[in-house]
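Same chain, two partners: chain A is paired with chain B first, then with chain C.
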Partner chain A sequence: MKYDAIVIGAGHNGLCNAAFLARAGLEVLVLESNSYVGGAAVSRELHPHWTYSNCSYVCGLLRPEIYRSLELARHGLQIVPYGGGVTFTRDGDILGGYLDKDLKRRELARHSARDADAYMRYGRDTMRQCRLIRSLLLRTPPDPSSLRWRDLREMMHVGKEFAKLGEAGIYDTMRFYTLSIADYLNEYFESDVVKANFAGSGIIGTALGVQSPGTAYVLLHHYMGDVDGQMGAWGFARGGMGAVSQALAAAVQAHGGEIKVDAPVARILTRGGRACGVALANGDEYYADTVVSNVDPKRTFLKLMDPGDLQPEFLARARNFKIRGSSGKLNIALDGLPDFPALGAGNPLISGDMHFLDSLERYERAYDDWKNGSWSKDPYLDLLMPSLTDPTMTPPGKHMMSVFVQYVPVKVNGHDWTDADREAFKQTVFDQIARYSPNFRSLVLHAEVRTPRELEAEVGLTEGNIFQGELTFDQLFFNRPFPGYAQYRAPVRGLYMCGSATHPGGGVMAAPGANAAREILRDLHRGSTVPEGWSDD
Partner chain B sequence: MTERQTVVVIGAGHNGLVCATYLARAGRKVLVVEAAAQPGGAAITREFAPGYRVSAVAHLLHLLDPVIERELALARHGLSYARSSLVNVSLSPGRPALSLDGGDVIAGEVSPADRSALQVHAARMQKFARVIARQHARVPPRLRFESWHDVLPAAAVALDIRLLGRKDMREFLRIATMNIYDVLEEQFEHAGIKGVLALDAVLGTRLGPRSGNSVYTALYRQSGSVNGRSGALALPQGGMGAVSNALVSAARIAGVEIRCGAQVEEIIVREGRATGVRLRNGEELRADRVVSNADPKTTLLRLLGARHLETEFARRVQQLRAVGTAAKLHLALSGRPQFRGLPAGLLGERLVIAPDLDYIESAFNPAKYGEFSAQPIMEVTLPSLHDASLAPAGHEVLSAVVQYAPYDLKGGWAAGKRPFLAAIMAVLEEHAPGIGALVQHAELLTPLDIEQQFGITGGHWHHGELALDQFMMLRPVAGAAQYATPVAGLYLCGAGCHPGGGIMGSAGRNAARVIAGGR
Partner chain C sequence: MLARDHFRQLVCETPFHPRTAALNQLNLWHRWRDHTVADAYFDVGMEYNAIRNSCAVFDLSPMTKHLITGPDALAYMNRLVTRDVAKIKPARVGYCVWCDDAGQVIDDGTIFHLREGVYRLCSQERQLDWLHSSALGFDVRIVEETNDVAGLAVQGPTSCAVLKSLGLAGIETLTPFGLRSFPFAGGTLEVSRTGYTGDLGYELWINPERALQLWDALFAAGADHGIRAIGTLALEMSRIEAGFIQAGVDFLPADRAVRVDRTRSPFELDLGRLVDFSKPNFTGRRALLEEQHRGSRYRLVRLDVEGNKPAKDAYIYDQRRTNVGVVTSSMWSPAAKASIALASVKMPWGAPGEELAAEIYYQKELKWNRFMARCRVVEGAFFDPPRRRATPAADR
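And then the complex of A and B:
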């Protein structure tokens, strides 16, 4: 059976890519190894009547252009903004990130009057960096070593965006990209808890510590999104993250695309030096002149391809791609709403993210544990109870807790995770939560523990890295995934990459899938169906 | 101009002397005022125990700009080398010493794969370092993009990168911001090779091998040359003071006046313009231009005062990262120490105690929390083996850079110095059993000592972290990177400016060009 294009993997980028290709009139087949679509953006019932967004858990980066262009609202996707966030301190206090500006300012001032003033500058400066990067998200990175007109023009575009910043702005941007999140925050704030409150966004999902240069940039991967036109805001997809995937899948099908689940691809087929289709694990073969991989580059090039089809130097690039597992997750079904005494009754902050590290030093020590081969003994948690915002997730009166954990290694002290390790890891996380919520343990009905191993086994993300590759500059923009291959084309003709390992990287953004579709349609001399550029409402 | 323009240079460090000499040659009347009793700043040789002399801070010369060496005829003014190409020796108690000279393995057991990887790596790093070296003699461009005048210097930098060729350019743009750990792990198996190569990426910085941007430091270190050999390490005859002595001699011949024991208390500003300096004894020295070789924080916040600066600019200066983490150890030894697994012929080379990447990273970890390394990394030299003038006959001097020793040590250095010295000696004893018994006298300079003795803020001998957020047009801070400060008539010429630290002289030469050019 021959298609125009085959997409390997029904993650959100694969689906987004397929939707744009189908919309251009291509006959598209999406092959997914799991029995459900979505990759790491899924909602699953792992405890009767409790729905878990068991991997990615919040939505804020999904590009609004894609949302509109693929009519995801019509396909059932609804994003509900949630409010605030809070950092608990060891001495029983909190720092509340109230949505109300005055309230937030007063809260910051309670910890440091100077920091409350600095927050204005911090917000302004950080948003300026967001604006710059947002202008590059839905564009194909130029190859700076190329003299082709298209690359030169794109370089000019980037240059112009930079020039718009003005001289001082350019210097600030250059510094921003090479600073550590700790150094960046130290430039604005004096209070430990204020710095700690903002630091998490610099390290989530990365194998870097708050003192590692380059982490200030990672902040943007948490700030550059928007919900309802509010930049930097986050929301829940109603029904869990699977709703994003379901809507994208519906868009694929609405344009005539076909999706097959339980269809694990074992090999990418080539003929005469170009991709011609795929072979499934059960031996079935599907053919197409265009093959798109939503799978990470290590899997794509080192597992699905015959090494003979690739140059040794390229294989070395794939082997050296930095894709390190550093995060884990606990999904917990609760019999009721746990108390957090430091919040006080009726505090709206309970429906936002909760964090328990109150100093940069604790963050850095958490990273040191990971470097030494263990999970953090005093980890960074990003804890949310989505059932407070979206009651469809649990039975009435019950709740669910999503706990993202940083840092968690791929191997524990060099050996594979054992059940005992997993249990001890769970207790580490429980201990931290219980310290701030005395009745938490007694409410636990079920807890799913996910280490990088599970993420790799289930979702197929190598080492369970949530971004499909570290977000350091050697793997960003024109370097993502590899220098010379950032324009979504693999070295084999007819083969493309569309996962988070390509520009602009991870997060449920769907931009890589859309950008890859634009390049494919270009090679096929079809008109583009992909929105370009960017609208800053 | 009827009268000659007068210039006061604050500080007779090597950059101050270079700047003064070029300005004098350009027809200015130049006075250098130095707080210490002798010129040279941190590039001096001094007696630390009766009969034992040592390069007080910097002890290996590798970045001195050959153009300056030639233009100022430093050889004629007495600069010569006791050794001009030390090789690297990686020490590890558990294995025979490994010795590397650039891309060649001189001693030690190395697999053929590593041997060829080392050749490739050394050649590539050398090529990339040349791109950096080409920027040294340039005034950093301003990124205004208002006219061709602004665009051309920036385009020149881009052109240097492009001229690497497509493949190398891509690799350069990939690794430029990487950490040295990953780059070395990609290429080598031998722990010792990785350790010794990583040391260059972290020495003198507050970075560990896993810290991003450490590749840049490694390239920076290799960007110099000695006697035409790039990346070489040299020992000046008579210690580092010999460089300063030659510079002093060149300066005097050019007509520069140098006053030692004259500590500047304040830079005098009248009507928004620097008009001179006031010394501690109250004396005022008037000048048309004031040039400071002191570090940027000292110059702008202490001698000038933030009140003369715009808030935003002052804030940037305050935020300049200049917290020293390197200490200096000097041992007066009654005989030659013996290092385990080290052939006697290699004792005089650059001995590196950084056996593997994780060892260095572990040494770095405590520094993040304001603690010193319990098992520090070291760059050890025995200069007296090449230069008999440094120690009594039959005796030796050991000079080592030791990391990590954070300036802001928890509990303070008054209490911390003794246990840190003990930790250092324990590591040395492990590598060179019996060395403790040879010690006649030990001097340990912590960053705090360096600050107090040499007047460098934070005891950071590069006058500010050598990091990508503080380089070129960002060094020391945007708005002062072209040597002129926002205060008219006041200039910077020290290591806190582009191109940065190390005994190089380029900052002084570039500053002189800006000042003499009247821009």
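And then the complex of A and C:
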């Protein structure tokens, strides 16, 4: 069978890429190894009548331009914002991030009057950085070493956006990208719990600690999204994160694209130095002059390709690509709503995200455990109960708890994860939750426990890194995934990358898939079907 | 410390709320710094007329207040704001602005020199973070006391008579920007001859515990002097007539500006008179000196607009139809009987007497019309009655 383009992997970026290619009139085939589409954006019913967002669990980064352009609303996707967040302290208090801005200020002032005012300055400075990065999301990074007109023009665009920050803003930006989240927060706040409350966004998904340089940017990566223009807001996909993938898959099919599940690709085929198709594990072959890989670069270049087709220096880049796993996930079916006494009855924060580390010190200790080869004994949790917002997740009166856990190592003390390790890890997380919710354990009906082992085995993300590669400065923008290969083209003609390992990186953003489609259509001399980014001004 | 369950009260009430709520026949409210305050009580026009014709009472309790004390209080205040605070003697009040390092206005407000070396800074925005950041090297104590001091503005031609009836003996001799204490209900009532209306008027400051007593006594005293509670909408009319600027409306506080070119310096807000280069170093001094040499980018102008249509959000053009600015506040002024506006225009436009044009859109019975209204740059307040400054203050 010959197609115009084959996309390996039906993650959200693969599907997005395929949808834009199909819309341009290409005959597109998407091949997915699992029996369901979505990669890490899936909703699965692992306990009868309970829907889990098994991996990614909230949606805020999905580019609205793509949402609108692919008519995802018509294809059934609905994003519902959720209410605020809270950090619990060990002494039984809370710091509530209420949605209402006056309430939020009052709550900050309860911990530090000065920090409550400083929050405005913090918000302003962070927003400045957000606006810079947002202007680059739906653009192909320029090659700074190139003198081609297009690269020069894109460099000029970057320069123009930079200039908007003013002289001081340019200095701030250079610092921002190399600062640790702890240093960044220390420049604004004095209260431990206030700093701890904001620090989580600086480490989620990364194998770095709050003191590690580069984590300030990771914070930005979690702030740069928006829900209906509300910048930094997050929401639930109604029906779980699989709803995002289902809508993208519907868009692919609406444009005539084909999706095959249970079709694991074993090899990328090349002929005469260019990609010509793929071979499945069962030996079936599919042919196309354009092959797009949604899987991570380590898998693409070190497993699916014949090393003989690639140059040694390039292979070294793929080998050295940082994709360290650092997180785990628990999805828990609950027989009722657990109590969190510190919140007080009727507190709206119960439907927000909950966190349990109340100082930067505890964050750093949690990271120390990971460095020492084990999961954090006092782990960072990003805990949400989507069933309080989305009535489709559970039967009425029942609840589903999504618990993102950090830090979790790829190997436990140097050995592969065992089922016993996984059970002990689960108990560590349960203990952390039970410290703040005395009746939590008694409500548990079922729990799915995912360590980096499951994330790699089921989703295919090497080492279970949720961003398909670390979001550090050396792997961002025109260095993502590797210097010289940030424009979505692999060194083999006809082969492209469209996963989160490419600019602008991880999160359910769909921008890498869209950007890759733009480049592919350009090479094929087809008009672009990919929307341009909207201006923030 | 606030109770953990403060979330149960989404919006706070001012100390006068039991009285303002009882009077608010329109049931119109909005949020001002965490508190609910009246937009209007029964009729905006009638409330406005109380300001210009009799006596208007406005609840300004949510206004941000900071208390600054300590051996270095004066030196600190002088470092913070652009004017010379040494010239604000005890029992005097001074209008001021403060800037960031780049000489861009963070906020405007009033300094109350309560007692020798004890200052209260009233401002539109909360400033604790900036005030603390600015305190490095100064022996001062800075606390926010917004909720510890309740405030009422008592404004209008009969306001002095009302306060006399209240028993504030000798109040008529208080000069503009003067501050005096009176015993009241076993405590102290502080009265300043200040306001946001550009008319004869006072502001009363009291411990919240005695707030309702003050309200009741004041309204009893004012019964024969046309006293009225007024909301924010009426106050807004009088402040535009007075030519006063408002943070967030006529300028963007520098510490809130995400887009760096949106801020203004004191010179650009027609507040150059508040910048004193002869006093010791103050924040923004170097940048403002530079601006004085280099020239400002913008100018705040007061416009007398042709016709009777308010120039809301209108673009401003010069004679050659070049867009040179935008209106920030505008209204039909009942007191001046003119359409008036505050606008920010690019330099060198906006010199006194210059003719400009405002692009006005207005709607009549669902039909939109556009017209280019000639406007003239005028100086000073649009309405500036002699009673505003007369001392002793008149009774009506």
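Everything that follows uses one rule, which is that the second predicted complex is superposed on the first by the 535 of 537 C-alpha atoms of A that agree within 3 Å, B and C clash if a C-alpha of one lies under 4 Å from a C-alpha of the other, contacts with A are read in each partner's own complex, and residues count from 1 in each chain.
Note that contacts are C-beta pairs under 8 Å (C-beta built on N, C-alpha and C of every residue); 3 or more make two chains touch, one makes a residue touch a chain.
No experiment lies behind these values; they were computed from the predicted model shown.
Peer 1: Is A:171 in contact with chain B, with chain C, with both, or with neither (first, second, both, neither)?
Peer 2: Touch status of A:171: first partner only.
Peer 1: I'd like to know which partner A:368 touches here: chain B for first, chain C for second, both or neither.
Peer 2: After superposing on A, A:368 lies in contact with chain B but is clear of chain C.
Peer 1: Touch test for A:344: chain B only (first), chain C only (second), both, or neither?
Peer 2: Only chain C is touched by A:344; chain B is not.
Peer 1: Identify the partner contact of A:96: answer first if only chain B is touched, second if only chain C is, both if each is, neither if none is.
Peer 2: It touches chain C, and chain B stays clear.
Peer 1: Once the shared chain is lined up, is A:478 touching chain B (first), chain C (second), both, or neither of them?
Peer 2: Once the two structures are laid over each other on A, A:478 reaches chain B alone.
Peer 1: Under the stated touch criterion, which partner chain does A:124 make contact with: chain B (first), chain C (second), both, or neither?
Peer 2: second
Peer 1: Please write out, lowest number first, the residues of chain A touched by both chain B and chain C across the two complexes.
Peer 2: On chain A, the residues that contact chain B in one structure and chain C in the other are 168.
Peer 1: Touching residues of chain C toward chain A in the complex: what are they?
Peer 2: It is residues 1-2, 4-8, 10-11, 31, 33-34, 102, 126-130, 132, 144, 255-261 of chain C that touch chain A.
Peer 1: In the complex formed with chain B, which residues of chain A make contact?
Peer 2: So the residues of chain A touching chain B come out as 144-145, 163, 167-168, 170-172, 174-175, 177-180, 183, 186-187, 208, 211-214, 316, 320, 322, 361, 364-365, 368, 371, 472-474, 478-479, 483-484.
Peer 1: For the complex, which residues does chain A have touching chain C?
Peer 2: Where chain A meets chain C, its residues are 93-94, 96, 98, 100, 102-103, 105-107, 109-110, 113-118, 120-121, 124, 127-128, 131, 164-166, 168-169, 342, 344, 346-349, 537.
Peer 1: Please give the residue numbers of chain B that touch chain A in the complex, ascending.
Peer 2: Where chain B meets chain A, its residues are 142-145, 162, 166, 169-171, 173-179, 182, 186, 207, 210-213, 319, 321, 361, 365, 368-369, 467-469, 473-474, 478.
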